[in-house]
Each structure stands twice: as C-alpha cells, then as structure tokens.
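Below, each structure is written out as structure tokens.
Next come two complexes, and both contain chain A; in the first it sits with chain B, in the second with chain C.
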Partner chain A sequence: MSDEDDQVTCAECGFENPLEAERCQNCGADLPAAFAENLLAQVPGQEPFINKARITPAQQVHLRLLGEMLAVEGQALLLGISPRRAGYTTLRIGTSLVLFLVLLFSLLANKPVFTHPSLTSEALEARQLVYALTPGAPVLFVVDYQPGFSGEMTRLGQGVLAHILAQRAYPVFLSTHPTGPAQAEVFITDLGINTGIAYLTPDQYLNLGYLPGGPSGLLSFSQAPQQVMPLTADGNSAWQDPPLQTIQSLSDFSLVLVMTEDPDTARTWIEQAGPQLQGKPLMLLLSAQAEPSLRPYLESGSGQVQGMVSGVSGGVAYQDSAVFTLQSDTSGITWSAYSLGLWVGAILLLLAGLYGVFRLVREQENELSRGDKP
Partner chain B sequence: MTQRRFPIFLLILAVAGGGIVLMGYWVDLPALVAVRNVLLRWAATLTGVAVLLGILNLLTVHWLKIIQPREGGVYSLVMLIAFVITFLVVAVDTPTGSWSVWIFRYIQLPVETSLLAILAVLLVVAVARLVVRRPDSFTLLFIGTAILFLVAATYLPGFDIPVVRSLRDWIVQVPVVAGARGLLLGIGLGVVATGLRILLGADRPYER
Partner chain C sequence: MTWSSFSSADQVGMVIGFLLTLSVFSYLLRDNVLFRLVIHIFIGVATAYVAVVILYNVVWPQLLLPLGSGDPGTILLVIIPLLLSILLLARAFPRLSSAGSPPLAFLVGVGAAVAIGGAITGTIVPQVLAAINAGVTQTTFPGATRNWMDAVNWGVILLGTLATLAYFHFSARLRNPGQTPSRAAWIEEIAGVGKLFIAITLGAIFAGVYAAAMAALVERMDAMVQFLQALLAK
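Entry: the complex of A and B
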C-alpha cells in the first residue's frame, strides 16, 4: 500500500491526514471515513468497512448529503391538525356523503334515467365470436381480476358469459390469481341466480383453479394444458370427459377469453399465450382503466386480439344486444346509478375548478392593489 | 475459492436456462422444446413454492410480534387466527367448496370492494384539492379532460352532445393509443435489454 493509500484528504482544507484520523489535523473538520463510520454505526449489522475505502471529494459530498438525509429521517415530526387539515377532512366527508346519497337516491328511485350505450365495433366483433361457438365448444374463460373490481367486472362479464352458455358452449375457468377460483364460482353462481338456471360442474362448466408461475406458468399451460393443470379446483380429474378429452394445447380451445382489470396481466396473456393459439380467437373483457393501454393490440390488425368489451358501458351494451334475457335485469337501475355518480363527480370537479380560478383571480387582485399603494 | 466458484455456477445455470428457453422459440428441435417445457414447468412449480415460503415468512413475522409483545401485536394475532381458519376451511373444503366461497363472498369481496370505493371518493377529493390549491394551466387542462371523460362515458337524455362524444373518441383512439403504443414499445425494449443483460451475465439478480 502506498503512502497515498494510507492518507485521506480533508474536503475542507485539502490537508493530507492519516487514514485512521477522525478529524482533520489542520482545520478540525470531520473526515469522511470517520463520518461514514459514525453513519454506518447507526445502521444495525453494518461493519465500518468504509475506513478501508478511498473516497473522492465528490463522494465525500454525497456521503455528507446522505448523512443529513438520514439524520432528518430519524427526527420525529410533530403533526398537529392544522386548519387546512381540518378543512380537508370536511371536504372528504362532504364528498363521500354527496356521492353516497346520490347513489342511494338513484337506486331507491328505481327509475332508469340514462340511456343505455350502444355496442362499439370491437364489442360487435366480440359478439360475433361468441355467436360462432357451436354446442359443446370448449371456451377458456380466464378470471384474472382483483376482488375489489368485482362490481365493474361482474357487470361487464355477465352478459358475455350468459351468451356463451346460451350458445351451449363449455366454459373452462382458469385464473393466475389465487383468489380466481372462488371468484369464478361466485361469478357463475350469481349469473345462475340472474338467469334462473343452476349451472352445474362438470356438466355445464369446469373450474381448473389457480395457475401459478406467472408468464412461465402461462406459457407452459399454453403448450400442455393437461400436464400443467391435471386436476380441477375441487381435486377431480379435469380432462377425462368430453369436450375436453381432445385438448392437447391452447389452440384446441374454440375461444380464449381473458377478463382482467390489469393491463400487465392482459399483456402477458396476449404475448405468452397468443402465439400458441394458431389463429384461434383471443378476446378481452377489460376494466375501463385497462382499455386504453391494450387498444393497440386490437387496432394493430395483427389479429392478436379479435374482440374487446370494456367497462360497465360495454357490459351493459353487450347484455342489451344479445338474444337472451336475464330474469332479474337490474342493468337499467345500476347503469343510471353509475352514470349519475360520474356526473356528480364531474360537477364536483367543475365546482372545485371554478373555486380555484376565483381564488387565483382574487389573490392576483389583492397583489395588484398592494402594489398600487405607495 | 468455493465462494468464488458458486456465483459462476449460478451464472452458467442462469445463462443456460435462459438460453434454452429463448432458443426454443426459434429452433424447432424436439429435444430442445422438451427441455424448455421441463424448465418452464419447474419455474411454475418454484413460483408456487415461493408463495408458500412467502406465507411462511409472513407467519413467522406475525408470530414474533405476538410472542414479543409490542404495539400492534393484537393485529398479528387476528391475522394468524384468520389465516388458520381460512387455511383449514380451504384445505378441507377445496378452493371452490361452499364454505371457501362463503368466506370469499362475504368477507374478502366486501372488504376489497369497500376499499376501492373509498379510493374513488379520495380521487375526487384529491383532484378537487389540486385544482383549488394550484389552479395553473396544466391543472385546468387535466380537470377539463377528466370532466369530458366522465360526462362522455354516460348518456343523459338531452345532454348527449355528439361533439363531446366525438372528442372523447378521438382522444381515446389517437393520442391515448399513440401514448400506449409508445409505452408498449418501451416495455418491450426494456424487457429485451434486461433479458440480454441477464443472459450475458452483466446483471445477476440471483446473487443478491
């Protein structure tokens, strides 16, 4: 080790000090090694190896900044309820109350006010895909959304699933979410209540359960479904009886339908499972939040996605357009409540915007009047 | 010496595994495809095991909080009791059995849906606060767009203005799709770059 290696330069005066020095022997400033050692001593389990390191002046500055940040992090901040905070709480409670009362009023009034939306072109294509299903055709129905989104996703998907069952096709549920198997059961049970038909497994549908492994698991399932998911969610053999006996790969399904609120999940299905479909259609049922991110796949013309229904509006439009009817059809009432909620949200934002502009103008006038005074 | 060899062994394993899976896309050799399929199934199984390890770690953390009494320990106790009950019910009744579905339908579903409903209220409040406290041109543009989208998503008789709906459709189908395409291309390039870094051994996340 050279003499230079045994010395450390003071960032304040440039004096060369011995490596073990804690303070500069010339000006008395803290030296980086000592500073770093003190810093690391505050972190449990860290050894002060930094003494053996050579630190440039720039690194010394960074180290000092880091030390200051850590020191601030360690200080407890006194949080009092300021007038602004109290106003925020009032605003929060007020907004909640307004939205809640409006939705309650809309539901209790039981009068559909808002006109139902019409089918978009991509939803029309999706409907054609379902119409093309023959009796007994296996349909892979992927239930891949978080339980919190059930309100939107159920309204979105019920019409499509009812249409698939009305075509006498055979839905096979699968999920890459651990909650997916139970979600699928709730979904089809609720549909049964709405249609007045008790759908039974394995006669009318099958629930394959949870597929682990993310993209790897999905790719693996696409190539060999029988090997990767040999059993149903309730532990029975999945592939012994028709119409699933002949399924060897994903392309043996007549239609693959992915229902999700997460753009990344949909993207994984499109990119991992899509190439294995070999021309068989892939259809998306998407939350309104995911639709814009995935629209390029639909509009690219490459056939990666051949049909899409999105948001509550898409679900309501699909349900209206199909040939079947649901017994307890409450879509008109819920659509009105949903629409009214959106309108009230928009009005609240508009009022807030007007108030903000009014405040800004008033502040500018005050500044101008102060500037005019001698 | 052993300490230095082990990372190299890991590096070879990672590069070989990644290379075989990648080559399986381009080279149609039955043996290569078979090896790739085995590797993929291992990955799926290992992910399942990783979930179990995660659960085990979570249980250990909460157990330590209970046996070393500290603030919030009661929540850990509630968590452990809930876990044990749910685990037993799902293990005995299967994930799609009536009791399992009951737990999901009447406990998990309402809790998560309620949290999301609160988020909707908070978003309205947050945007309202933003526009009151900082009413600059960008905020007003944002508010205008938000209102346009909220209103255009519904069909109120008498307020159905075709221009508003056309504007909304144009925004969704042109600038938003353009942005989304850019994002997707960016994600794709990022994935390629990350994959290459791992295949070339420049990035070794398995050493951490």
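Entry: the complex of A and C
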C-alpha cells in the first residue's frame, strides 16, 4: 500500500493503482485485496471477508509466498522412480538368510558359546535396592512396554521380579499403556512357570490395570493413588487389604520400578513421579534401545534414578547373580543365540561400511581419471 | 516337550503364532498379501483390545460406577468430566465441532502445562545442576575429587554440551551481498565438533535399537524352533 490512502502499489511492477482496482493496470497482477481474497477462497469453509486490505509491500511478498506454498501443497508430487538397484533384493535376502541360519544353528545346537556377562555397577545398586525390601513391602512395578518388546523385556525383568517375590515383598502392577495390564499377567504367569510357583492375586501381587491420562494421570496418581485407581484390573477394590491400606501417596511405596522400552515413558515417570517419591528409590528396567538416553539420570548423581538394569545382558547378569533359580531357557531367548546375532550384525555392518568406503574411493578415482582426459 | 503335553489353547496359540511369524518374515521377499493380512489383524485386534480395556478399566470404574453411587458430591464431580466428554464427541460432527473445542483446549493446556513443568523441574534443572556440580567439584574443590578420570569425563560432557548447542545455532548473517548467509567461522568449527558428538550419540542409540530388535528376532525364532521340536517329538 502506498502512503497515499487512495492508491495501492503493485508488488510486481511498482505501479500506483487506484484503491478500488483488483488488478494492476500496468502489468495485470493481482493486487493485495484481490490476492488475499483468492487465497482465502482456497481454504475450505472460509468466506472471503478481506476487502481493500491495507497491506505493505513486504506483506504482499509474504502473501504471495504463502499463496505459492498453498498452491504447491495441493499438488501431487511426481516421485521419480529410482532405478532398481542391481542385486539389492539378493543382498537383502542373503543377509537375512545368513542371520537366520546363524541363529537357527545356535538355537538347535543349544550349547553355551558365550559366557554370561557380569553385573554392572548400576545393576548391582538395583540388586541392593531389592535386597533391602522387607516382607510385605509394597513395590510399584510399572509394566510400560509395547508387546513387540516382550521377548527382551521378559528376559530382562523376570530375574528382578523373581527376586522381589523371593524377598516376600508385594508387587503392585500398573501401566500407562492399555496393553500393559495383560502383559503384567502374562509376565507373572511365565515367571510362575519358570520358578514352579503359582503366584496368586491378591495374596502375592496386585494388578491395578491401566492408568489413563498420560503425564497428567501419572501426576495425579503420584499424589493420590487411591482416588485415581480405586479398583484393580479385574474390578475389585484395590486398597482395603494390607499391605496397601497405608498407601496415601507414591512415597508410601518402598520402591518404584519402571520397566519400559520407550525413553519418553521413562522420562515422564522420572519427571512426574520423581518429585513425589521424597527420597524413595526409583529403579529402571530398560530395553537396550532406551538405555543411552536415560543413563544421564543415573550418572548425574542427582539421585533421580537409583538403580538400572538394561537389555538382555543386564537381565541375564541379574538372574545369574541372584540367590534363586530360574529355568531360564525354557522360554524366551537364549543368551548364546543373542550374542551370536549381535556379532554377526556387527560384522555385517562393518563389511557394509568397508564396502561403502571402497566404493566411494573408487568413484572418486574414476571421476579424477575422467577429469584428466581432455 | 511333546505336542500332546500342551493344552488345546496353547496348541492353537502356538500354531497361530508360528503362521503369523512366518507371514511377517515373508516381507523379506517382497511386500505381499500375507504380510498385509497380519498387519491388518494386528491393528484390528489391538484397537479392539484397547477399546475393551478403556471401557472396563476407565469408563466403568471411573465414570459409570460413581454416577450410580447415589452420593451427590461424587455425582457432581463426575458430571463435569462427563459433560466435557460429550462435548469432545461433538468433534466427530463438522457442524458441532466447535462445541468440542473447550474440552480439547483444556486437555491440551493441562497436558502441556504438566509436561513442561515436569521437563523443567524434573530434567532441565536437575541435569544442569548436576553438570555444574560436577564441574565445581572438579575445579573449585580440587581436594574433594582427585580422580582424573572424573575430570576428563566432566570435560568431555562440557565440550559435548557446548558443541552440540553450537550445532543447533542456526542464526546466520549476510556477510557479503550476493553470497549465502553463513554462521561465524568459530561457530562453524565448534558445530563440527558438535556434529561428531551427535553422530556418536546416534550410533549408541542405533546399537541399542539393533540389540532390542535382535532380542525380538531371537525370541521369535526360539518360539518357532520350540514349536517345530514339539510337533516332531514323539
């Protein structure tokens, strides 16, 4: 818009047009009011209402850019079909086949090739926390992992849960995932099969079920567990019997244990539940994929996380170090096959990386040799 | 274990698990109808299960039971979320969708406030304080910690933090007309170091993801081997 109230400047050619003009009288381009009207007409459900808008030249340019973006947004982009890479399918199938055969061989051979790992310092601290539990001590056991990770998480958590039950503490299961309550039941049933003990609810454990609401729900539960989760997963009253009668807040639990594969879920527990714990320990049972993101909470010395067991290796080491026995390889994965799989994967990655470097060097040499030719 | 030692339910579960796992593995050859069938089954079953859990674990005990309690105070407390829920359902109908805005705004507002508050008090402040404390211990009180490895560790953390922050510093200045705007040379140098730290971090996360995926693969293969062994055992 020009300084004069009765003229409008064309953003394309700078010609001064009368205010009522919809198009530039010099170059024919849309003037701001008409342009904004056209733009709005492209938005479904919007009635054009701008008329004779006072828009600066800079705003006119922004409007034009926005218009171009909107116009492109509605267009289907034609994706260039990349040429089929020769041998790509063969390479994919071949790699998978190598991995499958190695794992199959290891599982069928069923001979220990790799020695079990030893306990890490953080897993040692976790074990000390469980050893400190007294009979009847309530332990909040959060089962917050996706079903797809049950292979790793079962192997990781069974030793810890068996240890908690061996201490005669009282695990209370909770989940912020809808599938969590069922997984908790499967988890403890599998443990019962492995230990030869049938664990019964509500005598030896309790399943509170699904906690909705994300971070807000978690914060509410931390402050008033009895009000937020009045019933168990199977619809019974949750807090009437000992040892849960005295629980008024999260800090009344002797230990809070979060088992997850998702760093964000663990972070939410640390952030929302941590301040309510008032010195009571928070322990993490983590998938190997979540561990690097959450290690700072343990190692910073802030006391937010006081024990951590991670990955299959952590679970195996914890199981080996405990005083109880599990028939460990009757269900779940075997340590040797897992280790072998990791080694094979690492070797394949290394070979692929070396091949990539070799190919890059060769291409550069070819380019150089082409450049030398006249 | 032999096949007959399993219960009928276990046998059905094992057969279904075996077939579904094979169907998922068939994706290695190419995208096919079996793989898509499994994906559809998974999404359908998961959605139905979640619906049942929410009805049984949330709607029934936390909404319907209190409504039927007969206690006016409890009923009053439940009526507010009930009304908000009904308004939220209006989002499904275009003509009434504006009625769903207040509960949606409430949900987003409360959720964001709780999440941001938690992130500040639960992550940013404790982590910054811990980093500062580690540095103060190393520099101000040299007698307190004589472990040189801790000092090196703290130095690496400090360098990594600063360099990574520099990498995400995207302000650029147009230094010469006609040229592309660019960052200051010293920021570019530090950002290069930050890139290295980011690459190492992503590498560590990738290794973890690979380990978790390997655990899932071995567990599935173990289940298949056990199934076949049970089937073939006399």
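In this text, the second predicted complex is superposed on the first by the 262 of 374 C-alpha atoms of A that agree within 3 Å, B and C clash if a C-alpha of one lies under 4 Å from a C-alpha of the other, contacts with A are read in each partner's own complex, and residues count from 1 in each chain.
Keep this in mind: a residue touches a chain if its C-beta (ideal position, glycine included) is under 8 Å from a C-beta of that chain, and two chains touch if they have at least 3 such contacts.
These numbers come from a predicted model, not from an experiment.
Peer 1: Is A:Gly235 in contact with chain B, with chain C, with both, or with neither (first, second, both, neither)?
Peer 2: Once the two structures are laid over each other on A, A:Gly235 reaches both partners.
Peer 1: Going by the contact rule set out at the top, does A:Arg155 touch chain B (first), chain C (second), both, or neither?
Peer 2: Second partner only.
Peer 1: In the overlay, answer first, second, both or neither for which of chain B and chain C A:Leu91 touches.
Peer 2: In the superposition, A:Leu91 contacts chain B only.
Peer 1: So, A:Cys13: does it touch chain B (first), chain C (second), both, or neither?
Peer 2: neither
Peer 1: Is A:Leu101 touching anything from chain B or chain C once the two structures are fitted on A? First, second, both or neither.
Peer 2: A:Leu101 sits against neither chain B nor chain C.
Peer 1: Between chain B (first) and chain C (second), which, if any, makes contact with A:Phe114: first, second, both or neither?
Peer 2: first
Peer 1: Scan A:Ile193 for contacts with chain B and chain C and give back first, second, both or neither.
Peer 2: Touch status of A:Ile193: no partner.
Peer 1: In the superposed arrangement, which partner chain does A:Ser216 touch: chain B (first), chain C (second), both, or neither?
Peer 2: both
Peer 1: By the touch definition at the top of the document, which applies to A:Leu65: first (chain B), second (chain C), both, or neither?
Peer 2: So A:Leu65 meets neither chain B nor chain C here.
Peer 1: Both chain B and chain C touch chain A; at which residues?
Peer 2: 92, 96, 99, 148-151, 178-179, 181-182, 209-210, 212, 214, 216, 219, 233, 235, 267, 288, 291-293, 296, 311, 338, 342, 345
Peer 1: Considering only the defined contacts, which chain A positions touch chain C in the complex?
Peer 2: 89, 92-93, 96, 99-100, 103-104, 107-108, 148-152, 155, 178-179, 181-182, 209-210, 212, 214-216, 219, 230-231, 233, 235, 261, 267-268, 270-272, 274-275, 287-293, 296-297, 300-302, 304, 311-312, 332-334, 337-338, 341-342, 345
Peer 1: Would you tell me which residues of chain A are touching chain B in their complex?
Peer 2: Per the touch definition, chain A meets chain B at residues 88, 91-92, 95-96, 99, 113-117, 146-151, 178-179, 181-186, 189, 207, 209-214, 216-217, 219-220, 223-224, 227-228, 233-235, 267, 288, 291-296, 299, 311, 313, 338-339, 342-343, 345-346, 348-350, 352-353, 355-357, 359-360.
Peer 1: Quick check on the complex: what are the chain C residues that touch chain A?
Peer 2: 28-30, 46, 49-50, 53-54, 56-58, 60-62, 110-111, 114-115, 118-119, 121-123, 126-127, 129-131, 133-134, 201, 204-205, 207-212, 214-222, 225
Peer 1: Residue numbers of chain B touching chain A in their complex, please.
Peer 2: 37, 40-41, 43-48, 51, 94-97, 100-101, 103-105, 108-109, 112-113, 115-116, 120-122, 124-125, 127-129, 131-135, 139-140, 143, 146-147, 150-151, 153-157, 160, 172-173, 176-177, 180-181, 183-184, 187
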